[in-house]
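Multiple structures are listed underneath, in structure tokens.
Below, chain A partners chain B and then partners chain C, in two separate complexes.
Let's look at the complex of A and B:
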């Protein structure tokens, strides 16, 4: 048992993540061709606009459609469908917590691949200042609120159905992910109504920004992702958890340096045990980068299965964990 | 040329107007459109879960959808449901325009046939009005959808038009402006050569061709919807009517009346919609993405350049 634990703690996380992410990407982008269908309440960007290849649909798409139902329906029988969809989403989410972002989300994986490309080209990365970080971190909550309120407004007759599923219209995943099955049909501006023009133009602009942003900044889009905000609101009962023992932390800052999301609390906060913040993607790089035994650990249903160790740190350092 | 009022019978899911013509009313969107017809009655899509959607079809007269009115009739409709089970649907006895209603419990293609035979001036007129109605499962794929989409015929129907499917067509696929749609005219299941096949668009434009040796005829769906931009509706639905007619030298007797020839006429109606090319632009999409990419890329580059401190030599004056 201790050998198994040592093997897990000494794992080459970078390689493990690469293969895990690749497998998840193939599953959710091409799984539909093998008749795999995991439903339409998935807690990550398995894009519904991948028509045939998708193995499931990101929950935000059906959620927006459901909330746009006329209010008399929404607050009667259609409300059951909303609650059912949300319950299934929550069940999926509870298993992996924000690990869906760090290990499964195809759009997140794509950003990691762009980061790898940048590193191979020898171009340095960009980062936010602490002040920029503090200001920008609210954007995902604003997007989440708009994502919920605009469809509700449509259902109430305040806006036209033309702006239905507004977040999907501006999400770069709609444009980028279908490319992997050879579908370029989303790269258009829809001139059928003023609302469509604005949203599709915004979507194309954000896609251009996404490509540059994800190239120069690790996990650029995750910082603004409303799914990430929704995750955090539900993360309390999740089974997969990131925990910190502040008494073992020397505040060396290795975890902060390794963090794609530049979360300062991971290094600075030595009082909280539940150290996962709303921006965290549970990529577990911080655990892998920590040299102090047991300072950072990952629990599943309160059972620790991966924790920081000196031996693991040295092994990973020798392989170049921060390449 | 404009299609005229010629007494051609066809089945429509849109009720004729009370004044006997004009633009049909009662259209409801949401139905998988191709060759099928939009609109369900009140228990249809968008209704409460668990309720079986119903479909209502009206018999209309005149190949021009713009002016086709209602026509009295009493014949039942032969229905071939999604599972290929046949049943007879009686006309609703309410005194209004001829219409029949049938349930559509399963996703798939439902074929409805109105068949009329009458002898006039020693010629037996056999008229078959066919409707091909599709029920989809929203945007979701239906298991075995490709199989469900295979066009079907029925041996009890003397003559019919079969619409050939587009590549990869599903229950949610639509016919759009610019598409070429092909039909096959069959009599007793066999192709009919040299039948006169006419296509009439929703605005009454029509074209006629002769069917080839395989009974096939094709038409390009023209765009006949030119609203002001602010009134443009990407879901705008028009109805086309395809009719085929041909004579056959055949003598016999029908209900005590002798005849020396038979005139077959068959129709099939369907719906078509604006093409994506009518309202979406790749050039603008790519243009905006490239501008955003170049702008943000340049901004990042310049920002980084500005933050690079120039080399300054420090010399000590000894």
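Let's look at the complex of A and C:
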């Protein structure tokens, strides 16, 4: 048992994640061809616009459609559909918590691949200053509020269906992910109505930003992702948890250096036990980069299955040096 | 006719005052104890050669002096140089250096200046092409110009004094990159990704060896005495890093064997002490020696001549040159528990953690008279330890051997009180 624990703690996380993410990517982008269907309440960007290949649908797509029902329906029988959809979403989410972002989300994986490409080209990473970080971190909540309120407004007759599923129209996933099944049809501006022109044009711009952004900055898009905001609001009862023991932390900042999302608290906060913040993607790189035994650990249903160790740190570090 | 032979005017080095001082201390360290680990012979011999026989230490590449732990040694190795930590522990050089500093200044700074000012000083590390002087305490800051006055090239490494600040981290990263540029000029060698990787591998090996040694000290009863470990880490100041690492690995192998044989280097009830404050540097191993001669054992330390210098390791996310340098820079700033920082919760947390994880019974806090920053932090550290129910002995001293008698009485009384506490706790 202790041997198994050592093996897990000594894991080459980088390699493990690469293969895990690749498998998840293949499953959710091509699984549909094998008739795999995991429903349409998935807590990550398994994009509904991948027509045949998808093995399930990102919850944000049906959610926006459901909320756009006329209010009399929404507040009666259609409300049941909203609630069941949400319940299934929550059940999926609770298992992996934000691990969906760091290990499963195809759009997240794609950004990690762009990062690898940049590293291969020897181009250095960029980051935000602390002030920029503080100012930008709110955007995901604004997007989340908009993606809920705009459909509600449609249902209430405040504005027209032109702006239906507004977030999907601007989400880079809609344009980028179908490319992997050879579908370029999303790369157009929809001139059918002014609302559609604005949203699809915005989507085009954001997709461009996504590609450039992810190339220069690790996990560029995740910082603005409304799914990430929704996750955080529901994360209290989640089973997979990132925990910190501040008394063992030397605040050396190794975890902060490794963090794709530039979360400073992971290194500097020595009082909070539940250390997952709203920007976290639970990629667990911080745990792998921590040299202090038990300072950072990952629990599933309160059972620790991966924790920082000196031995694991030195192994991974030496692997990096020798490469 | 027989040739007239010139009679040497100068006596042999081992007759000199600094050699005698080192010899007295080394003899205590070696001869006052039975059961010294066989692998310690390497270190005893090293100190004998360097400090008593005054032999030159062969080192590769241009010598780069450092005066505090915040100078990234990986960059020096990668640029083809050899770092030498200049902080000195000799009372002889303390007296020489007294000419440069006000009367009430720290022995360590005075001794460092005194050594640099002396001819044929030990340890003899050859010519120094550059001295990198981090702006830590005021006395070290002001020492820079004095070193320049002695004819050395000095580089001020601007260490921020408020490390919690994010702007300070970014500034420090820039400072370290500028140092990298300067080092390349001094050595004439380009710092490449490959060379930095190799340098990091050297440091990483040394740190891994140190951490293993550190972990062996958790065992109770102890497998090794603190006086030996201080000698080991002191050797890191000037020894060849590969030789040093190999010697520590050999020592670790011996300790593993000792552990398997259930060997004990001390009495079962020996009070376990965490040492903190001003750093013991050979020949000034006075206080740790007194503790262990009085029947205690130093099981861990929080000083810049040992733990603080070697413990914290670098993690690199992207193996590109600029990011590697940034990661290295972070390691030298963020976890550092040097008292020159504006606030020092990290130091207190580290001490509490060491006491609990090393199963220690008390803390001995050494402060060199005139080392204001350690003197000032004494109060907050004492309060925090007191709150946690950990006894602490605060000792203000310097490099002179005059207070040995008085200190030994205080240390004995402290250890005795710990033993009494433990007895009462059991009863």
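Here is the rule we use: the second predicted complex is superposed on the first by the 320 of 323 C-alpha atoms of A that agree within 3 Å, B and C clash if a C-alpha of one lies under 4 Å from a C-alpha of the other, contacts with A are read in each partner's own complex, and residues count from 1 in each chain.
By our rule, contacts are C-beta pairs under 8 Å (C-beta built on N, C-alpha and C of every residue); 3 or more make two chains touch, one makes a residue touch a chain.
Quick caveat: nothing in here was measured; it's all calculated off a predicted structure.
Asks: Give one of first, second, both or neither to describe whether A:5 is in contact with chain B, with chain C, with both, or with none.
Replies: Neither partner.
Asks: Taking the superposition on A as described, I'd like to know which of chain B and chain C A:250 touches: first, second, both or neither.
Replies: Touch status of A:250: second partner only.
Asks: Go through the superposed model and pick first if A:213 touches only chain B, second if only chain C, both, or neither.
Replies: In the superposition, A:213 contacts chain B only.
Asks: Name the contact category of A:315: first (chain B only), second (chain C only), both, or neither.
Replies: neither
Asks: Chain A residues in contact: does chain B have more, or chain C?
Replies: Counting residues of chain A touched by each partner, the higher count goes to C.
Asks: Quick check for you: in the superposed arrangement, does A:205 touch first (chain B), second (chain C), both or neither?
Replies: In the superposition, A:205 touches chain B alone.
Asks: May I ask you to decide whether A:190 touches chain B, chain C, both, or neither, giving the answer as first, second, both or neither?
Replies: first
Asks: Where on chain A do the contacts from chain B and from chain C line up?
Replies: none
Asks: Mind listing the chain A positions that touch chain B in their complex?
Replies: 52, 77, 80-81, 126, 175, 184-185, 187-193, 200-201, 204-209, 211-213, 216
Asks: Which residues of chain C touch chain A once you look at their complex with the stated criterion?
Replies: Residues of chain C touching chain A: 164, 166-167, 169-170, 197, 200-201, 204, 208, 211, 215, 311-320, 322-323, 326-327, 330-331, 334-335, 346, 349-350, 352-353, 356.
Asks: If you look only at chain A, which of its residues touch chain C in the complex?
Replies: So the residues of chain A in touch with chain C come to 119, 122-125, 129-130, 246-258, 264, 267-268, 270, 285, 289-291, 310, 313-314, 317-318, 320-323.
Asks: Give every residue of chain B touching chain A within the complex, in rising order.
Replies: These residues of chain B touch chain A: 48-49, 141, 229, 232-234, 276, 279-282, 284-286, 288-297, 300, 304.
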